[in-house]
């Protein structure tokens, strides 16, 4: 009988002499029990493909919560749009570059709402739900689910108040279930945007399977906050099967989905904090989609086999906002000086490598939005003017904090360019790099002195965008810089309540000009929507919220 | 057991260092958890905002503060925390919205697997090298001492990055430096050690994937944290080989292998302590390497918790690390009594 | 033995007398001294001799490969990596040196008292250092820095704080044995008061050990500073600091720009290496003088 | 003789107050386990007059060094009193004691170990001056130079570190340190036992000279009976924490009355006796009793070749044989034959 050692030697000899191939060699080695370490070393990364029925997305973070009412990060929202369906949806068309994009000019198309009727001069909406829509848990969608979901918003005093407010639904009395499949909404004022808002996966527009959720309420927790933080109960295409914060969300297709079979049976949404690693994994084929790559990384992918990049100009923007109610920014001249001092061209060229989709928004709303003023007197950079304004304001040497999130590496580069550039006009900028949680807290509590934010107004409407970011009161969720100007804000509110589109847009433009004069944001940079994917992934569509809808995607 | 037997047993227990540790552990635990608790609560920032979201009114925030007990005096909060702790409840993480205990149960095995693998590498590679260095001449001594200084000077996270650059980016030998296993290959949870779970599930592909992921981070840790162990072993071993009783044994004409075994047996104890301490130390010290390799273990969790001021998670990780240290010291104490004939109780 | 950081005391078990390379002492001291004093010189003059401003972004010059103009290339906002690498010791060494001195002074004082007086409170001091030491050092430092705010002086205090118990333990252990030496008894008989005995007779005799430990602490403190910055719990962007540079540079390694993180890592390693080697050599020399060699 | 001095002060005809009076000194060490104690010094009394040398001799473990330490007050004492120069040292706190220390100095067994390796000779000798006198640095240097000259040290060694000196030089430095502030009493704890014979006699000679010049008193602790005879005036023999025999040096050496003293003397190296091939006449057998479990009778009973029944039952007192000679033996005075010549 041959000893083990002899067997091993013979095997290695065969391999070295080319009589057996590597695979066989490894197989036999492992039979001998010696291959394990070597097999690991020799394993070739290029073969690490994802399974064909599973889509793997590499994201900078996992969601902080699965509860749509508390979603705040883009990752949170991505959960909402992939799991929860809404009354309506955007019409998807193919643009000049061959990208699938939402048609912003078409009216919203039915989704959970089969049809709707508007009466009483735009004050009354009667919505007929689609029948036979079933959740992952097998419960059928009824008007009760809609009512309960909205009740939850009011009960929790949560984020959904904002979109509902935009839709003029301001109290629990505004809506009721008329029958099993009919919901009736009565507004104080006419509102043209209701069904458009309801196309967007924002809190207040997503509907919970109340039958299931109610199983998880408790005395101290009547709205099942605890359970919904880590679970989904939706009528949408996907269901969050498991959620390991900091690691991954695993989605499975809802087998009862009313639109039939989804493109993927299973989706893994992995947290890969470093964009460099996401890039690497995408190149290796270990993930199918890499979210939030920085421009440099996207550029390095050019010509890489098996990888494609979808780029849409879109509405996504990077904002540099200063807190208008905190010294030294209470003085308009200081804000203007900062705007004059910012190195916009350098940022575009250095951070974004002059990418054609990156451009300065000349106003407080994205350039495709109605109400866009297309005027921005503060560029090109003018250091003398900036210093002059500062000394006029008696603030020739100021210092303040600039907060940014760890999520986007490019924001750190922008922050450094801003710091150097403002240093030249006599402003000392202290950089505050914050983890998502701390960043959000600063943002929510309006504590940041100045902050870099990446965001987009989901509803393509000037008045909506202006209200979101600069509106009065707490309904204006995005007014984290505490902008106050009664004149401008009155105009915004007037525009918001105007149903006639031309008139509405004129008012929005007027408000925008006010805001430009006040410079609450010294910089608003359109950065485009970009997604790097394996070429076998198809179906991606851009919508104004810049999020991936899993339902769009399939793997060829 | 008669009385004197019992007394002796009590003395035996007391002389086990770990029992003294245990006795000290409770006040220690209380002290540490209180310190962490107070320090973190003193930090700026109000977690209620995170819970409430941007639209919440002042009343909602107040209500959430009440809910979380944040409105109470710090010692009341602490008492509540300790009360929950006694019931195994470590609170809920702000960042992950999960019970901290559950988070730890997922992450601790990941770290344990990694550092156990690193310790195995140390034992299998470095301990023989240490013995060789002790037997070898001046050059071997210098080499190993040089290695000790070098390894002690390298930042572990940077070394990990360099290894990734070399073996993954450049040579393409190593698997993707992210996480513990290829996506979709995770074996059913049994021990939490993916390699072992894969073997239990008889899934060789999963095992290979998990094992290959262990190599780079494991080697990084072993290379850097094994150096003191090696150095220590070389010192005690060369001491042992030159000890008078060994010389005597030579004079008596005992076989070399037997003499060597005597020397080794005595020399191995201090490095064993060192290895044990390294093991405990790595639970926390692996944090950086875990972050580099996105290991998703305990250390990375601690980093995340700390930099996001996730106070429940921080308290939980600190307590878990202390508990773990205690267990390892217990095992070490027991191992001594077996190995070291001088330790008699 | 309690949770003495194995990493922080690589040499604790090896009496200098057994040095296999007694002849190599000089070479080690020279190399170590060269690196260590090189770092110190850079800490003093680095920012002055840096060819480019180490904290100013340089638009359009981002990620240039090493060349005659930029010896170590540039980083992602165009800062000159070489300038930053040589400006960094002021921060890294500044933090490490202050932390080491602070830990050394406090630790030696406490350890000296706890080692000389054998009372219940010297026991209590030991239990407290046990408590601090049973913490995972890195996690402890990270927690402390993040909750107190990321100021440089806080990093210093925290690093000192986690190192104090090492000195307390070390000095106390040494003093417990030194205390049995006759010259201490002689000093008591001479009527020297206890604190002066500690200062004049005991501490000078542990100087070699203190220096050796201090050189190790220097290294540990530098690595800890860098590690804290690496996870985002240390100094702020854009401070020239090796750990921070490694962290920001790490992301560009995969797109082929290795220089922003490789050079600071080498600089950090060399500096730590220098201090360790130098401290070890000096301790050995002091030890041999005491033996009358 | 005071009533509290049951052991007797030793020498008849001594005038005036003794410089040092130790009364009923007891030193116990508590053992860690259980409640037992180790008795190191058991009810010891003696006195020492100015200019006199009293030798405490005995085997190691007999308690002689402990007595030295008690007198130096470097260890706490269990019971008894130590009077020095009219003050009771046992009643003083460490702080109150410190200024008095100028009067009591010590020289220790291991000269190298008793010198701080990090201090130079000059600094070592200067230290007591710094502690006890306000002098200018010139005055101190002068005193240091004098002291070093007195002990026969070359002035160029002022800046040397102890490790570089010979043992003889080291011990001279230690003596210089002790005499620099002119103490009245010096405790010599085996000052020569680690030295070679030649050095030993040099140091003994030096000590004798110093005593002659300054009138200092020595409490000499030694097991070296040969050296003791050269320098001491009186001797106290210790066994298991007790003084078993005490008296003028010649009396005790010539007519030892306690068997243990006799055995000790016969074991002392003596060239003449060795050359004569003489065997010791008195040999002790058996084990020394444990100081933790002392027997009720005479502590020597188990080893004594002359043991009586009574010895096992009754613990003998230190009885005067004549005014200058005390012994703790139950047998009659003078029963042991005089020691053979040659000692």
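Labels for the chains are A, B, C and D, by order of writing; each one numbers its residues from 1.
The criterion applied here is as follows: a residue touches a chain if its C-beta (ideal position, glycine included) is under 8 Å from a C-beta of that chain, and two chains touch if they have at least 3 such contacts.
This is a predicted model, so every value here is computed, not measured.
Taken together, chain B and chain D share the touching chains C. Of all chains, the one whose CA centroid is most distant from that of chain D is A.
Chain pairs A-C and A-B differ in how many C-beta pairs are in contact, and the one with more is A-B.
Centroids of chain A and chain C (each the mean of its C-alpha atoms) stand 44 Å apart.
Between chain A and chain B the centroid-to-centroid distance comes to 38 Å (mean Cα coordinates, whole Å).
Per-chain Cα centroids separate chain A from chain D by 91 Å. Centre to centre, using the average C-alpha position, chain C and chain D are separated by 51 Å.
Looking at chain A, residues 274, 277, 280, 435 sit in touch with two or more other chains. Counting partners per residue, chain B has 169, 307, 309 as the residues that reach two or more other chains.
Within chain C, the positions touching two or more other chains are listed as 232, 250, 253-254. Inter-chain contacts occur between A-B, A-C, B-C, C-D. In the complex of the two chains, the chain C residues touching chain A come out as 55-60, 62-63, 76-78, 232, 236-238, 248, 250-256. Per the touch definition, chain B reaches chain C in the complex via residues 24, 28, 31-32, 36, 39-40, 42-44, 138, 141-142, 145, 148-150, 152-159, 161-162, 164-165, 169, 225, 227-229, 231-232, 235-236, 238-239, 270, 273-274, 277-278, 280-281, 283-285, 287-288, 291-292, 299, 302-303, 306-307, 309, 314, 317-318, 321-322, 325, 329. Put simply, chain A touches chain B in their complex at residues 30, 36-37, 39-46, 48, 50-51, 54, 56, 64-65, 69-70, 72, 156-159, 161-162, 220, 229-230, 244-247, 268, 270, 272-274, 277, 280-281, 284, 286-287, 435-438, 440-441, 443-445, 474-475, 477, 480. On chain C, the positions that touch chain D within their shared complex are 181-183, 185-193, 200-201, 204-205, 207, 289-292. Partner chain B is touched in their complex by these residues of chain C: 1, 3-7, 9-11, 13-14, 18, 20-21, 24, 127, 130-131, 134-140, 142-144, 146-149, 216, 219, 223, 226-227, 230-233, 243, 246, 250, 253-254, 258, 261-262, 265, 268-270, 272-273, 276-277, 280.
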